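A, B, C and D are the chain letters, set down in written order, and residue numbers restart from 1 in every chain.
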Amino acid sequence: MICITYHCPDRPGIVAELSGFLASHQCNILALEQHVEEDRFFIRIEWEENGAWPTAEAFSADFVKLPVSEGGVLDIHFFNRPQTLGLFVSREPHALLEVLNKIELGELVDAQVSFILGNVDHSKIAERLDIPFYFIPTKDNPDYEAQQLEVVTRYKPDFIGLARYMKILSADFIDGVGCPIINIHHSFLPSFVGAKPYEMAYERGVKLMGATSHFVIPELDQGPIIEQDVSRIRSGYSVDKLKQIGRDTEKKVFAQALKKVFEHKAVVYSGRTVIFE
Amino acid sequence: MICITYHCPDRPGIVAELSGFLASHQCNILALEQHVEEDRFFIRIEWEENGAWPTAEAFSADFVKLPVSEGGVLDIHFFNRPQTLGLFVSREPHALLEVLNKIELGELVDAQVSFILGNVDHSKIAERLDIPFYFIPTKDNPDYEAQQLEVVTRYKPDFIGLARYMKILSADFIDGVGCPIINIHHSFLPSFVGAKPYEMAYERGVKLMGATSHFVIPELDQGPIIEQDVSRIRSGYSVDKLKQIGRDTEKKVFAQALKKVFEHKAVVYSGRTVIFE
Amino acid sequence: MICITYHCPDRPGIVAELSGFLASHQCNILALEQHVEEDRFFIRIEWEENGAWPTAEAFSADFVKLPVSEGGVLDIHFFNRPQTLGLFVSREPHALLEVLNKIELGELVDAQVSFILGNVDHSKIAERLDIPFYFIPTKDNPDYEAQQLEVVTRYKPDFIGLARYMKILSADFIDGVGCPIINIHHSFLPSFVGAKPYEMAYERGVKLMGATSHFVIPELDQGPIIEQDVSRIRSGYSVDKLKQIGRDTEKKVFAQALKKVFEHKAVVYSGRTVIFE
Amino acid sequence: MICITYHCPDRPGIVAELSGFLASHQCNILALEQHVEEDRFFIRIEWEENGAWPTAEAFSADFVKLPVSEGGVLDIHFFNRPQTLGLFVSREPHALLEVLNKIELGELVDAQVSFILGNVDHSKIAERLDIPFYFIPTKDNPDYEAQQLEVVTRYKPDFIGLARYMKILSADFIDGVGCPIINIHHSFLPSFVGAKPYEMAYERGVKLMGATSHFVIPELDQGPIIEQDVSRIRSGYSVDKLKQIGRDTEKKVFAQALKKVFEHKAVVYSGRTVIFE
């Protein structure tokens, strides 16, 4: 299977041009979804691989000859090899365990975990599934980002997932990893940025609390949102109970966001994501 | 604005053929959504009216020349005049009031209410909005269906909505009205068919209860489902409280289903609906 | 029926003391719910009126003799006369219509609307239900708060509901009305304070948007939250579609919050509410 | 901590009697929740263990002297040793993995897994956590229930959880295990009883699909419901996609139901459960 996502200024005839292009190469479209947001046209098309183009480069070379390609941004993905994920974790492993389970059950497309890296030791969890684990303390270890980068560089994963990794990444680190980073934040952003969202939610007396998975950018908790969900708070719940309930929301939202990413259904444009179903 | 829904056996090239056809008539596509379900292709396309076809008939005459039209079912709608709705009601007017409010606020596309018909007198509600009301008792009145049909025939509405109308319609009546009928049933179908769903939900001890809006067919509560939703039941809720909470779910589901119908986003095929977003 | 809500420092024996007190007056408890939050004990008890105390004052006089009454805050309500509500509205009447419908159907306990006051003319809606309407423009009318206060003072409602009334109330006004004010804000607070929450939600790219009903205090959108809910946003939704979907959430949340208030199930303490089921 | 659940015919003074009884033994109530359903009074009380009664038997001996104890049913639990769970599984391990993770993270109260028993071999999963696994085929093995019972009898778990175990249990087996059995059924009961609920949901065209966790009784899928939840189905979803989405609902509902059971918050009466918060 092959999929493209593409976005460009809206004008009449884009669907006809793209679908005609694929039809002329005998491609059988499996799914097509398009949105227009503020005069920008977004489309995602999936088709059965039929040998029309051996590589992404070959497709792109043909694609740029289309009139519609002007001013647009193309992403193309051949689903012919597993996508790889590096996972970062801190003290709480619930989001990590959820992702590992889902990958084991084949529920995150074709993803494989390259490595797990923690500032708390979760090597036992990693060993169970024969995944390399790197324990890199962040306390009293001023070089931890360099050590982390060294691991990332060795494995060159397609994506990094922050499975409740609780240190702020530097702009240099984000630049240096060379792949998108997906975080799970334990609040319904933009509410409750930072380290103590459940305490803040309790203090403010909100009646629903949430979790947000987003691409990481240098500004803390400001990256394009991929997925969010909430659960209801009832009076009498302590902060500890909020945290416990919240973990279920966090792990679900994180796994769903990663799924969208592995399906190439999350397109970033202008600080936001367009999500395809 | 014009929209079509179309479904036919799936094969390569359908999107290209349809979008090429519209592009060749200079139509600017506003929205396109397509699904494949069990080898059947479903599509809905919206475009700005540009005078390419003065009427639905003119469009259809061109459309049938397309190769893709073979074996398919087309629905075409020009949004150039208000769509009309006849409403039936019994004792409880909450779903009726919701629809009347939404129509008044312009939230149900372009719908207008032709008449309200009740086996309980709600003329006061109808008068407020200058809508004709027909009180046709169903008790001790063996001819009530003929009297109802007489009203329907006079107004010829595009659709009939059963806003918690609690009599079963005969197959003859359903045939005779000449338009789709949309019902709101106060359970999460297929659970709890019939007249006492809240009592049945209480007895069974379910933890969520629901409402279902569906097209009416002669088999009771078996028609194609358009929309459903649920709300949570907590222990200690009486049947009366279930009914009270349920009314909010019912009115919301009913209004959402009518919206899908007025937007021509609910296509019936093989006893089910395909719903477009 | 009579209900009390009471909160005080937590210690052993409170339930026994309160329930024993009521039992000794032959009161039949219909509902009892208690929470402990951070060492504060909150309880709500409902019982059938049996003549043990003719008035709230008589009850309070007995209650203060209980050891448990020390350091506590009591609210007592006799459900023996309709509670009254003054409603404020601006351009959009959807929340107003929802509340009027629910009151007409008896779904907001025993509430009656004393008056509707708008800075946009919705007298037609008010007339339908024989409710006095006051049109007090806020533009080019520097005295509008004094004029509003004059209306409020005439009717002395038990509560004021801001049904999408879009002017900020001054601290003097809030002090002057002499009753609690309940607002519906069209965002999931604390996100998106202020006048353009749907535009802000769109810009930020959130995947759920919400509505919040809260008691009004002088700090804008900072009052104790009574109820919140959210609805899902999908890619391709315009700001206008967000507003349309949001109206359903707003009206539902506002009505539910008013219901909690009329049931005396929303207790304010330390800037937050404790909500009883 | 100690908790009781108790239910009896409703009459005035029950709360006073029970809370007075505990107060007279210097017990500090941590949580108290009560419901009345159809003239039956249900209560759950939690208090700190203070040595007033060394055992459940000692408590019961005192309790039966209370006037309120007449006609009632008491359950008492001392949270002073881990509760044990035997898990049954068939082909799909997602519900099993969820429960194992939650137990490992301490999120299911104090539960421990005594054994896992499967008619498909999941020994690798069990080994990771040093839990005994018993592979007992149900095909071509007429004695499988006797072999299962032998395992259960050896471990005498407090509860059995059917984590998507897909064989119907005989009435003899249910009688013989000597502990409550909790099942997860992959539909929103009472809809879609039996083996193919996702296929049935697809055929019927429902717009939400669900999962139900219930106590097992000899009648298939008819036992008292503990917890239910739903997720939304959109047009174009295949049966396979329904199954994939459904797994997330199933595992969440199953874990929540088990949590209620371990917290002693699910009381069965008259074919239904009363659930405490």
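Throughout what follows, a residue touches a chain if its C-beta (ideal position, glycine included) is under 8 Å from a C-beta of that chain, and two chains touch if they have at least 3 such contacts.
Since the structure is predicted, the reported quantities are computational estimates derived from the model, not experimental observations.
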Higher-contact pair (C-beta pairs counted), A-C versus A-B: A-C
Chain B on chain C, rotation in degrees - Cα superposition, rounded to nearest 5: 180
Distance from chain B to chain A - Cα centre to Cα centre, in angstrom: 38
CA centroid of chain A to CA centroid of chain C, Å: 40
Multi-partner residues of chain D (at least 2 other chains): 31, 36, 234, 236, 277
Chain D to chain B touching residues, read off their complex: 35-38, 42, 188-192, 203-208, 210, 224-230, 234-236, 238, 271-277
Residue ranges of chain D in contact with chain C within the complex: 12-13, 15-17, 19-20, 22-23, 26-34, 36, 277
Chain B to chain C touching residues, read off their complex: 31, 93-94, 97-98, 101, 104-105, 107, 128, 234, 236, 244, 247-248, 252, 277
